[in-house]
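Across the two complexes that follow, subunit A remains constant while its partner is subunit B and subsequently subunit C.
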Partner chain A sequence: MSRTIPSDSVGLVNPQALHFERSLRLESGSELSNFDLVYETYGKLNKNCSNAVLVCHALSGDHHVAGYHNMEDKKPGWWDNCIGPGKPVDTNRFFVVCPNNLGGCSGSTGPLTTNPATGKPYGPDFPIVTVCDWVKSQSLLADALGINCWAAVIGGSLGGMQSLQWAIDYPDRIKNAFVIAAAPKLSTQNIAFNEVARQAIRSDPHFNNGYYYENDSKPSLGLMLARMLGHITYLSDDMLDEKFGRELSDGKIKFGYDVEFQVESYLRYQGRSFVDRFDANSYMLITKVLDYFDPARSTNGNLAAAFAPANARFYVISFSSDWRFAPIRSREIVRALLDADKDVSYIKVHSIQGHDSFLMPIPRYHEVLRTAFNRIAGETAP
Partner chain B sequence: MSRTIPSDSVGLVNPQALHFERSLRLESGSELSNFDLVYETYGKLNKNCSNAVLVCHALSGDHHVAGYHNMEDKKPGWWDNCIGPGKPVDTNRFFVVCPNNLGGCSGSTGPLTTNPATGKPYGPDFPIVTVCDWVKSQSLLADALGINCWAAVIGGSLGGMQSLQWAIDYPDRIKNAFVIAAAPKLSTQNIAFNEVARQAIRSDPHFNNGYYYENDSKPSLGLMLARMLGHITYLSDDMLDEKFGRELSDGKIKFGYDVEFQVESYLRYQGRSFVDRFDANSYMLITKVLDYFDPARSTNGNLAAAFAPANARFYVISFSSDWRFAPIRSREIVRALLDADKDVSYIKVHSIQGHDSFLMPIPRYHEVLRTAFNRIAGETAP
Partner chain C sequence: MTELRTDQALIAEWIKPGSRVLDLGCGDGTMMAHLQQKCDVWGYGLEIDEENIVKCIASGVNVIQTDLDAGLSEFDEESFDYVIMTQTLQAIRYPDRLLNDMLRIGREGIVTFPNMGHWKCRLQIALKGMMPKSRTLPYEWYNTPNIHMCTLKDFESLCRKVNIEILQCTTVDYAHRSNLGMRLFPNLLGEIAIYRFRRYQAN
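Let's turn to the complex of A and B:
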C-alpha cells in the first residue's frame, strides 16, 4: 500500500556508500586494509561547507535517520521527528550526514563483510572497534565529503559518546557537540546487563561461536533475549506501568507459561522483530564498544583532563526517567567540562519514557534542540 | 576440613519432613492428592505454644535458614545472621519454623516429585501454585506442629508477600507480620524481568519443554542466564560500582569476548553455582508465583479493602537502595494499611546493598528487628 510523504519530511532518500581504499589502524592494534561506509545525507552543503551536521547512531541504530526509502515504507528513519525541513535540525539550513558505523550490520564494513583473508564473512573475527575508531572513520568520511569542520555532531546514548570523542579527538573539526542521554563511561550495572545479553547470544546453540552464516540458522533466540533485556532498560518503570500495567492478554490468569501479561507479548514481539533486522555478531561487538568507552582512561581517570583539548561548545541533555544513563551520569560530564573550563549548557528534560526519551518528540526537548540549532545556523551562514 | 560452630549459632540442625495424606485444593483449581513439606525448626515451642515464628523464604531460598547441616558445611543457613541464640530473632525465646515451599526443589513436593499419575517427575506438569496456596499449606504445617497462632510471620521479598497473605487469610493465627523489602504486587518491569528469565530457560534446548529429567542434561545455560539477570536486580548500581567498578580481570582490555571486567566473572560464577542447587522448573514456577501475587485482585484493586480482615500488627521495612522492590512499593503497603486502620510501623533503612539488603546484618535493620521481637517476646511469655 502506497503512502503520502508528509511535507515536513526529507522525503525519499537513498543510502550512499563510499569505499575507502586505504588501511585503517584500529585501537586494538588490528588493521582493516580497506573499508566501506554506508551513509545518508539530507539537505545541501553550503558553499563554504560550514553547515554540516553529523548524526551518530546508538547500539541498534543505522544510517537511515530520516525520510523514506520507498513509498511502501511503513516507518521513516529512526530520528525523523527531529530531522527534516522545519524540524529542530532543519534540513533547509543544515547538511545532515549519518553513517552506519564500522562493525554494524547495515552496509558498512562489519561482521557480515567478506574477510579478504578467508573469502568468508568475518563473523566473530571482525576486529573489535571502539568509539575512537568510529570517530576516526567518520573523519575520513568528512574528508571525502569536503567537510573540514562539523557545525555540530549530535547523538543520543552511544551516539552522545561519539559526540564527546569527536570534541576530544578533533577539537578543530567540531563547533558544537550534542551529548544526549549519555554517560562518560558505563556503570558496573550497565556492563553487567551487556554481559547477560552477550551470554544469551553465546548460549544459543545456533551461535556456533559466531560462525553461523554458513549454516541456514541464526542465533535468533539468543539475540531475541538480548533485545528483550535491553528493551527493559530502555524504558522507565513508570512508562511500562502506564503502557501495560498488569493487564492480562486474555483478561484472566491462566496458570500456565504462555503469554499472560501484555508486557510479555510486547517484549516477545520486540525481540522477534529485532532478530529480522540485526546481526548477532554486530550486537556482541557494539556492546563491547559501549563497555570500553572511557575517555578518562588515558588521563588516569581524570575526565576534566580528558576534555582539556576540546574547543567545541557542549550541549548536554538528560531525561528524568532514564535509569540506563541517568541524569546523574550526564552531570558527571557537565562537572568535568566545567572543571576543564569548557562552554557547556545542560538541561534535564522531564519525561516518562526512560532512556528511549532521546528518540521521542518531547516538546521541551525539541524546543531546546531547535533553539540551539537556530543559534548555530546564525553562526554558520555562508 | 572441619569447622567450629560459633556460639551464637543454632548449631547442627536436621531438616524434618511431614507427609500430609490429604488433598490440597489449589487456587488454580488443580489438586494435590497428598504432599510433603520439608522444614527446619530452631528453639523450643513453649508450653502454651505462643512463641512460634514462621520464616517464609523468597524465590531462591529454602528451609535451611540457620545453623549447619554438618561440620563440613562452608556456610550456615541463608538467614543465620538474624536467627539464633541472642540474635534479633532469638532462638532462646522463640520457636522458629521454616518450610521449603510447595513447588520448590529442596524436598517439599514440587516439580522434582514423582507424579503419581505417570510414575515420573512432575516437571512442568506440577500445578502452578500461588502465595495463597503456600500460606494454606503452611497453616496445615502449623496444625501438625500444634501451633494455633504464630507470634510472628516474617519474610523478605517474596517472603514478605507471604507475611501479608497470612495476615489476610488467617487473621486469628498471626499476631505480628514482618513485611520486608516487599511489594503489594509486581510492577510491569518486575514482570518483564521475570519473563526474560523464563524465556532464557525455555530457549535452552536442554529444557525440552520442562521434560529434562530423563535425559542426562539440564537447561543449565538458561537457568544460569536467568540467575545472572536476577542477580543484577538484587544489587544496587552503587553496590556493584563499589564492589567491582570497572576493574579488569587481567588489568587491561583484551579486545575479545572472554571475561574482561570483574563483574562479568562474578556474574558467571553466581549463575553457575546456582545451577548446581536449583531446578529450572521450580524457578519457572516461582517466578509465576511472584507475577500472580496481588491481594487486591479480589477487592477490585483496593488494597486497603484487601487488608480489612487483618488483625496482626504490621512491621514494614524497606531499603533505600532497593530498586527491585523500592521503598515506594513498601509505602503503598503502609498507606493501604493506614487506610484500613491497621496497626503498622514502617521504617526505611539506609543501605547500599540493594534488594539483597534484607539478608544483610545491617546494624539499624537488625536493631529494628531486635526491638520488635523483644516486644513480642514480652507479650508471648507463657
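Let's turn to the complex of A and C:
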C-alpha cells in the first residue's frame, strides 16, 4: 500500500457500466443502435430517490470525479476537492452520479468503440453528438438508476452547458442547475481556438484522417499541441506569470530552440501527459460539441425563450480571471434567466486561476456551493 | 431569520402581497426572505458583497451580484411592481439616475435613507463645526461609503425636479416606529426617511 486515503475522500471507487440495448436517435439525424455508458456513483440513493446529483464533465474530463481507483493512484478524481464526505457536495447526504459522455474515450461508446458495420473502431465515423444528445443519454441513465428527478445537476465549462440543457429539456427532472464557468454558446474566438486545436491534430502525419487505431502510431504530437493551446486558454496571464514568470530551466539563456523557459516545459509536460489518457478523435468530436452548443438556436436566437420551459432554480457562477468563458458570458445566461422570470442567483468569484478556477478549491466558491447544497439537502430530506 | 429593521418592517406593510419585487442592495437578504415567506412576494435581490451573497443563498433568496453604480440595464421596463432600495441611496454614485432607472423597471419605488436633516446632525455641524456622526452614520468623513447624504427636503426637491410623485412618506428612528414629533417635524426629528414613489402621472 503506497498511500493512505484521506478521511474526507469517497475512498476506493469502481467505475460501473450500463449497456443500453436500444437505439438512440441523435440530433444530427444519425442513430446509435445501442450504446454503453460508464459511470461512477458515490454516496447512497435515499428511499424516495430525491437526493441524486448529476455531475457533468467538461471537455477533457471523465466519469472519475472523486476518490481513487486503487491504492497506487497518484491523484484522485478530477473534482475530488468538491465531492466527498463533508465536502461542498456532501456524499453523506447526496447520491452523486457522473457518467463518461458519449463520444468520450474513457469507456462509454465513442470513437474507440467497435463500429458494428465494419467490425473496426468507429474512429472519425463516430456520429457527431451534441449536448442535447448527452443530456438525453444521461436521462436514460437516470431511468436505469431509478432517479426520476435530480436534486441538482452540476458542471463547469462544458459541464455547465449540460446543466443548462437539462433544465431546458427535462424541466421536471431537475430541481437545481449549477452552471459554472460556462457560456450560452461559444464566441467566435472560442470556435477559432477549437479550430486551431483540430487543425493541429489533423495536420499530424499520423492522424491518417482519423483512421490511426490500426497503425503503430497515433497523432500524439497534434493532440499534444491541441492540449497545449487549450491549456493556455484555461489559465490566466497573471496565473502563468505567478507560476513561472520568465524563469529559465537552466538559469541562463542558451540562444536555441530547446526548452528554456519553465512555462515551455510545463506546457510540454501537460501536452504529453494528456496524450497518454485521451484520444484524438474524441478531442476533435468534443470540440465540435462545444462549437455547436446553442440552446437558443431553436428559438431564433432568443435565449430567454429557450429557458421558458425550465423550472429549476439556477446557480450561475463565474470567475473574475476566466477569459475563455469570461464572467460577461455567464452574465448573458443570467440576463436571459431574468428575462424568463426564473429563479436564479449569480456570483462572480474572485480568482487568479483563469477558466480552470472551477476545478480549484477557492474558499468563496466552495462556500457558495456548500451553502446552496446545504439548502438543497434540507429540501430533499425524505 | 434575522429581525427586520424598523424601516424594513414598514416597507413589508406597504407592499401588496403577491407582488414582484427587486431589492437593490439587498444585503444579507433578510427583507427579501421575509417578503417571500410572509407576503407571497417573488423577486430578486441585487448585492455586491460576496459574504452577503452567500447569506442570501442560505436563506433562499435569488441574488444577483451587481454593482448598482453600473446601472440596471439588464432589467426590462416595468418588470417589477416595486423596486426597493433600503439604506443604499446615499452610497450611490448617481442617485438621480438610479431613481429614474428604478421607475423604468418598476411601477413603484421605495427608498429609505438616513436623514441628514435630523436635529443631531444639524447640531454637530452648527456647534462642533464637524461632519455629523451617529448610530445611522458611524463613519468618518474620509472613509464613509455614504457619498451622497441628503435631507428629506433635498430628496423631495430632487423628486420634483425629475418628475417623481411621492405616494407615501414616513420617518422612523433606529429603534422605534414614528411618533408624534416625527410626524410633525419629520425633517428635524426623523432619523431614517422612507419614501414610496412613482413616475408622475400626467392626466
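We adopt the following convention: the second predicted complex is superposed on the first by the 381 of 382 C-alpha atoms of A that agree within 3 Å, B and C clash if a C-alpha of one lies under 4 Å from a C-alpha of the other, contacts with A are read in each partner's own complex, and residues count from 1 in each chain.
The criterion applied here is as follows: a residue touches a chain if its C-beta (ideal position, glycine included) is under 8 Å from a C-beta of that chain, and two chains touch if they have at least 3 such contacts.
The structure presented is a predicted model; accordingly, all values stated were derived computationally and were not measured.
> Where does A:334 make contact in the superposed view: on subunit B (first), on subunit C (second), on both, or on neither?
second
> Identify the partner contact of A:125: answer first if only subunit B is touched, second if only subunit C is, both if each is, neither if none is.
In the superposition, A:125 contacts neither subunit B nor subunit C.
> Just checking: does A:347 make contact with subunit B only, subunit C only, both, or neither of them? Give me first, second, both or neither.
The second partner, subunit C, only.
> With the two structures laid over each other on chain A, which partner does A:187 touch: subunit B (first), subunit C (second), both, or neither?
First partner only, subunit B.
> Quick one: classify A:169 as touching subunit B (first), subunit C (second), both or neither.
The answer is neither, since A:169 touches no partner chain.
> Between subunit B and subunit C, whom does A:368 touch in the aligned arrangement: first, second, both, or neither?
Second partner only.
> Give one of first, second, both or neither to describe whether A:232 is in contact with subunit B, with subunit C, with both, or with none.
In the superposition, A:232 touches subunit B alone.
> Taking the complex as given, what residues does subunit A use to touch subunit C?
Spelled out, the residues of subunit A in touch with subunit C are 315, 331, 334-335, 338-339, 343-350, 364, 367-368, 371-372, 374-375.
> Going by the contact rule set out above, which residues of subunit C touch subunit A in the complex?
Per the stated touch rule, the residues are 44, 50, 53-54, 56-58, 60-65, 74-76.
> Contact residues on subunit B for subunit A in the complex?
Interface residues on subunit B, with respect to subunit A: 28-30, 124, 127-128, 185-189, 191-193, 195-196, 198-200, 202-205, 221-222, 224-225, 228-229, 232, 235, 237, 240-241, 243-246, 253, 255-257, 260-261, 263-264, 267-268, 284, 288, 291-292, 294, 323.
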